[in-house]
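Paired with subunit B in one complex and with subunit C in the other, subunit A is shared by the two complexes that follow.
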Partner chain A sequence: MRTTSTVHSPEERLAQRELGERLALRSQWRLLACVSILRTAVTRIMPLAGAAAWWMTLVCLLPGLVLYWLGCLGLRISKAASLPECARLALGKVGAGVVCGLAAAALAVDAVSTITALITLFTEGVGTQGTQWTLALAATGLLLFALNGEALARGVYFLRVPLLVLLGAVLVGLASGAKLDHLFPVLGGGASGLWAAFQAGAGMGWVFLLPLLQAPTREKRWHEPLPPMGLCIVALLCLNLALPHELLANQSALGDCLVLTVAHLPAFVRLVAVCLWVVALFLSLGSGVSLCAGQLLAPTGRKIAWLPGVLALAVATTQLMDIRWLWTQLGAMGMWLLVALGVGAGVSLLACGRKRK
Partner chain B sequence: MQDGISALLEQSLNVLEERLFRDVNTDMTRRDFRVFRREAAVYFVDGLVSSDFLQHYILTPCQEHTDAQLTVSLEDALLQTIHVGDAKAVNTYAEAIDAIVNGKAVLVADGMPAALCFDIRFFVRRGIAPPLTESVVNGPHQGFNEALRDNITLLRRILHTPELIGEMQTIGEASPTNLCVMYLKNAVDEQMLQRVKNRLAGIRVDQVLSIGALEQLLEDKPFSLLPQCCLTERPDRAASFLLEGQVVIVMDGAPQVLAMPISFLHLFHTPDDTSMRWQYGTFLRLIRLLGALCTLLLPGLFVAAATFHPEALPVTLLTAILESQAQVPLSIPAETFLMLLMFNLINEAGTRVPGVVGNSLGTVSGLILGQAAVEAKLIHPLLIIVVAVSSLGSYAIPDYSLGMAFRIGQLIFLAAGCIFGLYGMVLLSAVMVVRLCGMTSLGAPFAAPVAPVRTHNPDVFLRYPLWRQRLRMWLGNPFSMERTRGRMRGWDRR
Partner chain C sequence: MKKAMAVVLAALMLGGCSALPGEERAFAVVLGISEKSGVWEAGTRIPTYQTGGGYVTISARGNSLGEALALLNASAPMELHYGQLRLLLFGKDLAASAQFPEVLRALSARGEVRAQAALCVTEDNVLDVLDALEPATGSRLSKSLEAMMTSRQSAGVVPRITLSDWLRMGERQQAVLMNAALENADNAMPGMDAAAGELAAKAAGKVQLSGGWLTNSAGQVKASLTAMEMQLLSLLQGRLRQGTLSLPQGTATLLEASSSMELVGTEVQAKVRLRYSASNLTEEGLTQALLDALHGLTSKLASAGCDALGVARQAMAGCADLAQWHAMNWPERYPALTWRFVIEVEREA
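Entry: the complex of A and B
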């Protein structure tokens, strides 16, 4: 009996394992990007832009997209594997620390936004007993159980197909009630509304810069941000088609905005859609916290198992604040995070390029 | 204490008599005789050796050489005289006693500073019978029994290759139990194999009475609900594990063997899947997965939908639930918990009572008790359907341990559904999947090859056509990923 054939070399086996982990990380990033974009679009852009929300979101994502492409180009020219490496080469350990710190700050802000949206979806939207703080503690308890090394990234990778199927069902539900009239007026609430929407949403493209923080370079393809971006735009287009713009313009509360996205669905699909929101926000929260911990520890090269848990608890404590005030502050930070990350990346790339020259 | 066997027979006899407690241990037998003009004795445990073999191959040849002259050493002369295939000389009393209690006949003679151990074991054993818990429609109907040697033989009868290695070991300090670590030399991942050996070597217990106990001593995460090793009583399944590069542990006294590492999704596979055509195998596998999901989620979903999300139910169904609920004294969550507890009670009672009575018990409990409870308006008729379907689902799970895990998980999901509704269940599902993806079996990711993704045999969710399964299942780093090269259906040029 023959039991042998081609023997895989240790390098090949290692490459297989690395590929698996990379795919898991990529799906985690994609989920984070989708949730971050959709959350911002639904809660900040849609009430201001109305019928124009879907294309306004696309416009708001362009700065982040352009920065990503410039970053890719810069990394290719500087031949560095990632932004932190580039910063380390050009500016030393402090430079790498600053870039990673900025990314960690952005991820932490995103996590706070996500947990706020998750809890408010229940307290103000779906309607449930329990305060913001107790629900935040319950969510954090579950999160601590889920934050288990590489498990979260693998879990997101495992769940990507069920989540996409659920999203497909929700989009079909939205499309079934779609009316072309709802896309008009194309300019939504007018120029002032569009400008306000752009100011509120222009910072959300920061998530596109996250792949630049991780090696290796060959993963940083020009079309990397397009799948999550495309998915979000399609979802928003379906939402715009399904919801009358008058309804969109009158929403201001966070919970109402989130629930509005599912309000016009048939009862069962609505339930599925809320469940999808809940799971996506929860997994995105976990991803944000674990990636934030990863960025904080990246310059040191150490692994601290308890750090994501501590960060999750820290994120949960923000729910003790006044939610409306917190939400306003988080909105104001969006643009600055993109600017800070963009400047950090630009300085690192320029310095690295000059040094190489 | 000096443990080396003495050349003086009297001294050896004294030591053995004392250490075997022969004055009270009546089945520790000694037979004295003369051979080559010297006194000798053979020790054995009555019932563990074959009396015929003892008489024909040890005692009779020795008695034929009672007054024969020695031309070579006594040890060599005895080995030439006694025609037993497995004969071995040992030099210490401990080894000799170990051989005796393991069922060998041990011969000591005057002037020989060693003892000769002859393997003439023969004891009462169960015959090869169909497996009790892993029935199949297509495929062989033979299962392992409790004899280590028989079980190894069953495996060797399937895998005719010298690459099938069986390393014998003992486990347990006070009462050592024999076990055999089996693997296919050119398929196994060396790291995994070493890990198994290290774990076995690191076990410090007085005795291991069952293979289930060994499983608990070997698994990665003992607090996890899910099994991380696979127990099978089918030689063909064990052989397929070996072919995939897994390690199989055969233990004396256990009618199952332990395979590791395993992955979660492979616990849903059965030998039927491979024996049947791929379309049928795929269909059955999907049914099994559906059954598992029903077991885990259906009661919780029912409670969550009826209690928290009635708007999601069709009006006719909701009306039926509300109408019958009005006549029932308990709330839906309490009823569901009660029904599931009743099901588990019936199941446990049915398992413990003898076969025929067990069947009757199931019928009586399931039909009569259920019907009586509905007529007495103690429970909801719809709930009986829900609990029955979820229970049927648990029986469709091929691995018993996994079925148990799902039955416990069912109660956890029910609690989540009762407290937080569908949102709680969905969140719990996500967390459970994440935890599952973080688990390992012998260091290999438990949710592999799906998460993390690996190059693997495509036979995971669906039963992929057999001739396209050119790769081994990915677990660890198998020495060779490819089972075969080129077309499996070599004659097919399409």
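Entry: the complex of A and C
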């Protein structure tokens, strides 16, 4: 990202810098979306849907996708660049604060889910010696380094291609053990399992509403959710091709679900996959905390450098709770994240539309 | 900033490494388990880590599998590590019991057991087989075993099913497990139609890997296959494409081989294409010999309830959900299937 040039005017340089920051934010959002979708699909949808997990995830993402498109249409009609701006125009600072607050709450809940999955992967996937709390402190300590200024956003932007290459290597490893019949039975465990999977995963499309919180990087934004969505569906399809329904549907614990995604890979590819999970969860955690801090401060227009660090520590303290109880509570909140954000967005857009009339 | 990120990521990726030096850890090459009258015996073959090399077998007995493995680790000279396992060896009595599938699942649930270890069954005493395992070539037993299994598999005389393969078969296919037997002076029966323990063959080591053990839908060993039958199964599975094919009526050198299979109603239609040379069999003779041998093989598979060819995979594709699949009752349906073979042979002039 080039931000200085001797041939550009100060205004052009400022515009380039702002565009670069928005691109970095977009990379953060895309990483967070991919990790959130894959984490939910692997740990909540797959044990219930089994062989049907890949298309069931697509179905679960549709509510979020439809809300995003409605949000794009609403922003276009109201001529606002983002949802907080729309809410500010229609409902004042309080309205903008509520929308940003809901987004921050959703990001915080997602960050807690991510750190829970990360710590579980350390203890049950890698086999690291340590308790839940000490590992959370170690991860948070490293995170505090990464949360230095704009380092994390730019780091995620810098790492996007290497992460995609590593993911490609893992998908090739999964494809080497793929069998077409692993996609059958098409309906997995049956209607009851699919309905339970839908209830568990219907809220995970909330991540698609996050791009509406900032100004778009391009004129047209309707296709923004499609790249992370497409990537996740392809990854889940490869996983479904590699593992039969009987193996997927037997898992119930968080650790078992995460380990299953890497357990049957060839040795070196398994190492790459575990590293990819750890890095992606870590960067997603940092992105979630960083975006959450951004949303909390957005209505005020201020910048508090230490706020992301404080939020990271707050998220880490949730690991003092019993991990199984915590994971169950986080699962119950899933659907409400989408409902809350959707209602907030809808109210803002309707109010803005009426005000313009 | 980029350097800081690189340092963070490197620290993160290395965070899982253990600080235990190589001399304080013993990498097990083979793990053997047997059970008799409620007493579980676990043994493992580990390097001595002394000058000149060499391997030693350590063993322990317990009242359960977990206890035997715990005692094995507690009495080993160093902390045992199963991340480099090449072979999981089981006694035939245990493999034929109802506990066998649970044993395999329990081993896979122990994250440190290497999922790519090959599964093997022996009728001989497990500890005796472990003691007899020495590097046939070179100085490393792991390399020697890998080379032996690869060459046997290329010749089509052994199956190579790993723990990961067994888990991923699910209800769609049943495994044929490798057979291991001690060579002894009484081995006198010539030809590949003999059981592994009777083969008149001397390998570089003292353990013969040859033939296989058929498992049923419950995961229990039910019957065995000779090396000759194993070759035919490898041919049907598409794994044997070149090499010498042995039949009761004679041999043929395969230059090219392929097979395909389709389930139509209650009939399995299998097509086998061969191009061969250097044989005492004419094309008609080879066709008839193959037909007889393949019918004999599929009858044996059906009697044992072993769907080694994964015909169930095609049957499952027609089921909408798992309940419909279970309603089909494949373990009862499979033995009643009829087999129709179409053999196309071409002798190279």
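In the analysis below, the second predicted complex is superposed on the first by the 345 of 357 C-alpha atoms of A that agree within 3 Å, B and C clash if a C-alpha of one lies under 4 Å from a C-alpha of the other, contacts with A are read in each partner's own complex, and residues count from 1 in each chain.
Note that in this section contacts are C-beta pairs under 8 Å (C-beta built on N, C-alpha and C of every residue); 3 or more make two chains touch, one makes a residue touch a chain.
The structure presented is a predicted model; accordingly, all values stated were derived computationally and were not measured.
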With both complexes overlaid on chain A, does A:G177 touch subunit B (first), subunit C (second), both or neither? second
Quick one: is A:N148 in contact with subunit B, with subunit C, with both, or with neither? Answer first, second, both or neither. both
Using the superposition on chain A described above, determine whether A:F268 touches subunit B (first), subunit C (second), both, or neither. first
Partner chain in contact with A:V278 - subunit B first, subunit C second, else both or neither: both
Quick one: classify A:Y157 as touching subunit B (first), subunit C (second), both or neither. first
Have a look at where A:Q16 lands relative to subunit B and subunit C in the superposition and call it first, second, both or neither. first
Tell me which partner A:P185 touches in the superposition: subunit B (first), subunit C (second), both or neither. second
Under the stated touch criterion, which partner chain does A:A81 make contact with: subunit B (first), subunit C (second), both, or neither? neither
According to the stated criteria, A:L350 is in contact with first (subunit B), second (subunit C), both, or neither; which is it? neither
Could you list which residues of subunit A make contact with subunit B in one structure and with subunit C in the other? 122, 126, 142, 145-146, 148-151, 154-155, 158-159, 267, 274-275, 278-279, 282
Within the complex, which stretch of subunit B touches subunit A? 159-161, 163, 184-187, 243, 309, 311-312, 422-423, 426-431, 433-439, 445, 447-448, 450-455, 477-485
In the complex, go through subunit A and note every residue touching subunit B. 1-8, 10, 13, 16-17, 19-21, 23-24, 122, 126, 142, 145-146, 148-152, 154-159, 267-268, 270-271, 274-275, 278-279, 282-283, 286
With touch defined as at the start, can you tell me which subunit C residues reach subunit A in the complex? 1-2, 4-5, 7-9, 11-13, 15-16, 18, 108, 111-112, 115-116, 164, 167-172, 313-314, 316-317, 319-325
Subunit C touches which residues of subunit A in the complex? 50, 122, 124, 126-129, 138, 142, 145-146, 148-151, 154-155, 158-159, 177, 179, 181, 184-191, 242-247, 249, 259, 263-264, 266-267, 274-275, 278-279, 282
